[in-house]
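If you scroll down you'll find the structure; I have some questions about it.
To keep things simple, chains are lettered A, B, C, D, E and F as they appear, and every chain counts its residues starting from 1.
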Amino acid sequence: MAFDLAWNTIVSPVVLFFVLGLVAALARSDMSIPEDFAKGIAIYLMMAIGLKGGFEMSRSGLDAEVAAVMIAGIALSLVIPLIAFALLRFTTDLGRIDAAAAAAHYGSISIVTFIASTQALEWAEVESSGHLVAVAALMEAPAIVVALLLAGPRDSARVGVAGQSRGELVREVALNASVVVLIGALLVGWATGERGQAQVERFFLTPLQGVLCLFLLDMGLAAGRGLRRGREALRPATLAFGLYMPLVGAALGGGLASLLGLGVGDAALLMTLAASASYIAVPAAMRLALPEARPSIYLTLSLGVTFPFNLTLGIPAYVVVAGWIAG
Amino acid sequence: MAFDLAWNTIVSPVVLFFVLGLVAALARSDMSIPEDFAKGIAIYLMMAIGLKGGFEMSRSGLDAEVAAVMIAGIALSLVIPLIAFALLRFTTDLGRIDAAAAAAHYGSISIVTFIASTQALEWAEVESSGHLVAVAALMEAPAIVVALLLAGPRDSARVGVAGQSRGELVREVALNASVVVLIGALLVGWATGERGQAQVERFFLTPLQGVLCLFLLDMGLAAGRGLRRGREALRPATLAFGLYMPLVGAALGGGLASLLGLGVGDAALLMTLAASASYIAVPAAMRLALPEARPSIYLTLSLGVTFPFNLTLGIPAYVVVAGWIAG
Amino acid sequence: MAFDLAWNTIVSPVVLFFVLGLVAALARSDMSIPEDFAKGIAIYLMMAIGLKGGFEMSRSGLDAEVAAVMIAGIALSLVIPLIAFALLRFTTDLGRIDAAAAAAHYGSISIVTFIASTQALEWAEVESSGHLVAVAALMEAPAIVVALLLAGPRDSARVGVAGQSRGELVREVALNASVVVLIGALLVGWATGERGQAQVERFFLTPLQGVLCLFLLDMGLAAGRGLRRGREALRPATLAFGLYMPLVGAALGGGLASLLGLGVGDAALLMTLAASASYIAVPAAMRLALPEARPSIYLTLSLGVTFPFNLTLGIPAYVVVAGWIAG
Amino acid sequence: MSRKRRLELIIERMALRRACNILEESGMGGYTVLGTVAGRGRNSTWRREDDPSSSREMAVIIAIGDAAKVERALADLHQLVDAHIGVLSVCDVDVLRPDRF
Amino acid sequence: MSRKRRLELIIERMALRRACNILEESGMGGYTVLGTVAGRGRNSTWRREDDPSSSREMAVIIAIGDAAKVERALADLHQLVDAHIGVLSVCDVDVLRPDRF
Amino acid sequence: MSRKRRLELIIERMALRRACNILEESGMGGYTVLGTVAGRGRNSTWRREDDPSSSREMAVIIAIGDAAKVERALADLHQLVDAHIGVLSVCDVDVLRPDRF
């Protein structure tokens, strides 16, 4: 059963198109999907998953569990960077600032990994709750704050960079596209419920998996190129971190899920969130807040190593394990 | 009933996503939807509404009423700029040229407002006619001519601007994307009828409302930023014009609709067309034909003030009032 | 019957939107669909047609005929450039290099023409095989090699161009977007079969015809502008070549189809492939491999002349003739 | 290497065709147009994404030519930039194939 | 024609707003921002399409102004380019309407 | 400030990689590539949107470096621009951190 489930997840158009992109990039194909088109699709995906969660919440209502999972999510995004930072400092030769920046990525989340996970649950006919989307949105930012504390006192933080404007980091972190769209779409879905769903499901829900194929082809290309170009920047110990850190995160997420007594689907999603690493919001925030940290380290790790790992092997594993601990 | 209808229109995903964009922009979020993606979606929307009108026309055929509504539309787009110009000259401190340019926008139409209005009618289960799309296309350009006459003799008009080529303004106005696509798609829908509809409806009709959500999120961002940046350029009297002028237009449209004995749906659409202001075709034409006019005035008015007003409060009001006068 | 079929193909939204674009461009409208959006749609179309072929293959399996058609396709793409080259050298004043470059375009294929042809077959309720997609992918590149041989020894080929890197041409030709996506999607469709189809058909198959309308509107604009700008570069004899060469190709394709005893649908598709000329992959390869050849010749011919011819008159003719030879 | 003039015109998108017409009429051998994403002037701050009409967008034209031809284009460009929003600047550059300009 | 300075700043996209703030504060009359598609430096090779976070993307700011104002902007821009990834260069240009800069 | 050379190469997109290879081999510290939207030359008028193959599109490479390195790149770039469609120009610029070029 577990094997079947894992196999069906991996041999699905969604994952195979990701692998296609990955392989094409590693084979040095020049093909690409225009950036502006891919960014438009990304907005669509966030609207879709937000609406989906909102419609589901309008059916199921709120209870104490919702608050508990949200707190669990925030706790994970505060603790994981600490663990990641410690591991990086002890096992690799990364300096304090590079380690702090990389740690922030792992405390935050990848919404595409989350969406892929919800699809895998659908294929396995496992239910999950809409409010996990809210948890995902809440987990975007806290790790950034932790990382800034870990990075410690720096020149640029003390005197400031020329041209800096008040509140720009807060705006970047709290009002970036994924937070605004996820939370916004969740509220729209929640407020309009069944009537809203009838109006928009044929654009946002029915074709979702197909759109994800197109988007993951692009992400495969990006991950493959990131890996090919960034490879030399990573020592083996750093590269290994990109592979075991998601497992550490997933274990923490799974532990909390079992403590809270979450269902299989919710447990798998919380594990996925904990295991996933940001490659959009956090890198951007790091350029503002920790410009000394090297993108070649943190982007290669999160986009080139952890993202492909989660998408191909991680997700099926988390779903299977969630079945054991919560089933 | 009227309240229910208005409430259902406002609390719909389409309108709420617009509000989301508006709020995000006013809160100074940096998020945006890539311009080239949004422009592609705009073409889709114009094809969809054109086809929809064409399919409907192929079912209902043409009669004298069609010609009457078309003439009414053109009349509106010739008269409204005169009223708008007079109001602006008497109530604000705008000069002749700025007033003429702004007036042109109100004589012309916003196709997105029109599409949103057709959706509101669908939710309220009110029928409307396909040829109103043709009326919309016919109302795009005439107001521009009126505005040029209102602007009066100017240097640049007399001697011409260097590099000007013969017919460029005519081409810009008569063959711009929205005229070509609306009229073209209407003809395609009309010519292919039921068979054509079966071939394309699952792309152009079924998901239309969802696509509109995505597009209006972008328009909300654009309107919010336009308002935030252009606010200082507008004195209170000018700003107020942006709020009452659509009501003046709608009143004229409603009057003509009741004179012609149009049904509720067609009356609501004609009111919407009269009330809406252009923020794509006319601004572009003004840069060619009246470069002295200030975009900060006319764009802020039409995109930042009138468009949000129509989309949130205007449309439900027009539908309700159309029910009174035509019901 | 033949007339009905041809008429229904031509008076379809897909073809009419192409004509709309063509006419708008020839009328010097300035409208356009953003390049990055159109390129994204092109990737979607290639994924869709590849998946469609793959799903079909997973149902029908492989047999000797599959290999035979593939070999036929490759043979066509090797022979057609020779014929095209001879015709160009004898009937026009093009030099060796320009003639070789143009010949390469006719040996290769246009995937959009192919997709339009599969749609025409669907409307006519004629079956065709999924592996024709593989044939299309196999026919992309061989003609390029033939053309380089026909172009003969040149300076740039002997000493190389500065900055040239090893294998760049091979990579460009063998790993370009259309080869990667067509073959990749075909394999994904084949591997995931019915289960995969259930997951993605509502994005990749159901709305396909509608998407094609949008894309062909853009292609009509491109073809019309190509024709308008390139017209002067083409002498009448060259222009005529763009009209009769597809018929020569279709005749060869039809001959082979009848030799192999293909069904009507497969015969029509093989004829279409033989008749169509590349305007994406080959022009790009020519810039790398034969920079001396003039794009104004080969692009005007393939995009401005042959593509519109095939899309409007060619395809219905090939379907009708395929009915005669294979029916 | 040989000395030529590099003309750079930042011009509102809607007037781009007019600018190109002027360059063509003045006998300049060619030009290249670049897109822009944002800008600020005395009267406006704009960003490409915030303007559905594209009427505030600017484009940048680069044209390299010999001094005489550039001079010939300047008068008309000056008139254009008086009517339309635009910034015009010229500098010296060295080129390799002087005959082609 | 009259002599001005043309400032060209190639700056990472995330620091673009900071650079624009500096130009505004220094009293420069305006600037125009161009997008980029790829690049290479000592520490990185990047292509726009390969970076979903856009955090490696660069932008190019062109600002034409009189020598004094450009000079005033340089100190702060220098500090910016020390903290952030960027390349700053200045050259002389001739403009037609000197009063507007 | 210190004097460097600014190389600007307008080159057809398909030959972009070749141009970048040359710059890398010549030891230039870096370069930035900008997209273009339209252009006109002796043999062609093109617009990005009208060319599905992108084979007529141009790109602009900006590379700032010291005079010696730019000189080294010029010979190969000259050969490239002989085989491919392209326009090459060089001018003087002042930079702030001379050591990084």
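Just so we're on the same page, contacts are C-beta pairs under 8 Å (C-beta built on N, C-alpha and C of every residue); 3 or more make two chains touch, one makes a residue touch a chain.
Owing to the predicted nature of the structure, the values given are computational and were not obtained by experimental measurement.
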{"item": "Where chain C and chain F overlap in contact partners, by chain label", "value": "none"}
{"item": "Co-neighbours of chain B and chain A - touch as defined", "value": "C"}
{"item": "Remotest chain, chain A as reference, centres from CA atoms", "value": "D"}
{"item": "Chain copies touching (chain D, chain F) - same or different residues, decided at half shared", "value": "different"}
{"item": "Between chain F and chain E, distance of the C-alpha-averaged centres to the nearest whole Å", "value": "19"}
{"item": "Centre-of-Cα separation between chain E and chain C, whole angstrom", "value": "44"}
{"item": "Whole-Å separation of chain centres (CA-atom averages), chain A against chain C", "value": "40"}
{"item": "Residue numbers of chain D (touch at least two other chains)", "value": "20, 34-35, 77, 91"}
{"item": "Residues within chain C bordering two or more other chains", "value": "32-38, 40, 207"}
{"item": "Pairs of chains in contact (touch as defined earlier), listed by label", "value": "A-B, A-C, A-E, B-C, B-D, C-F, D-E, D-F, E-F"}
{"item": "Residues of chain B touching chain C in the complex", "value": "34-37, 39-40, 43-44, 47, 51, 171-172, 175-177, 180-181, 184-185, 187-189, 191-192, 195-196, 199-204, 207"}
{"item": "List of chain F residues in touch with chain C within their complex", "value": "12, 14-15, 17-22, 25, 43-45, 47-56, 76-77, 79-80, 83-85"}
{"item": "In the complex, chain E residues that touch chain F", "value": "8, 10, 34-42, 58, 60, 74, 77-78, 81, 87-91"}
{"item": "In the complex, chain D residues that touch chain F", "value": "1, 4, 6, 16, 20, 23-24, 29-35, 59, 62, 64, 91-97, 100"}
{"item": "Chain C partner contacts - residues on chain A that touch it in the complex", "value": "8, 11-14, 16-17, 20, 24, 27-38, 40-41, 123, 206-211, 213-214, 217"}
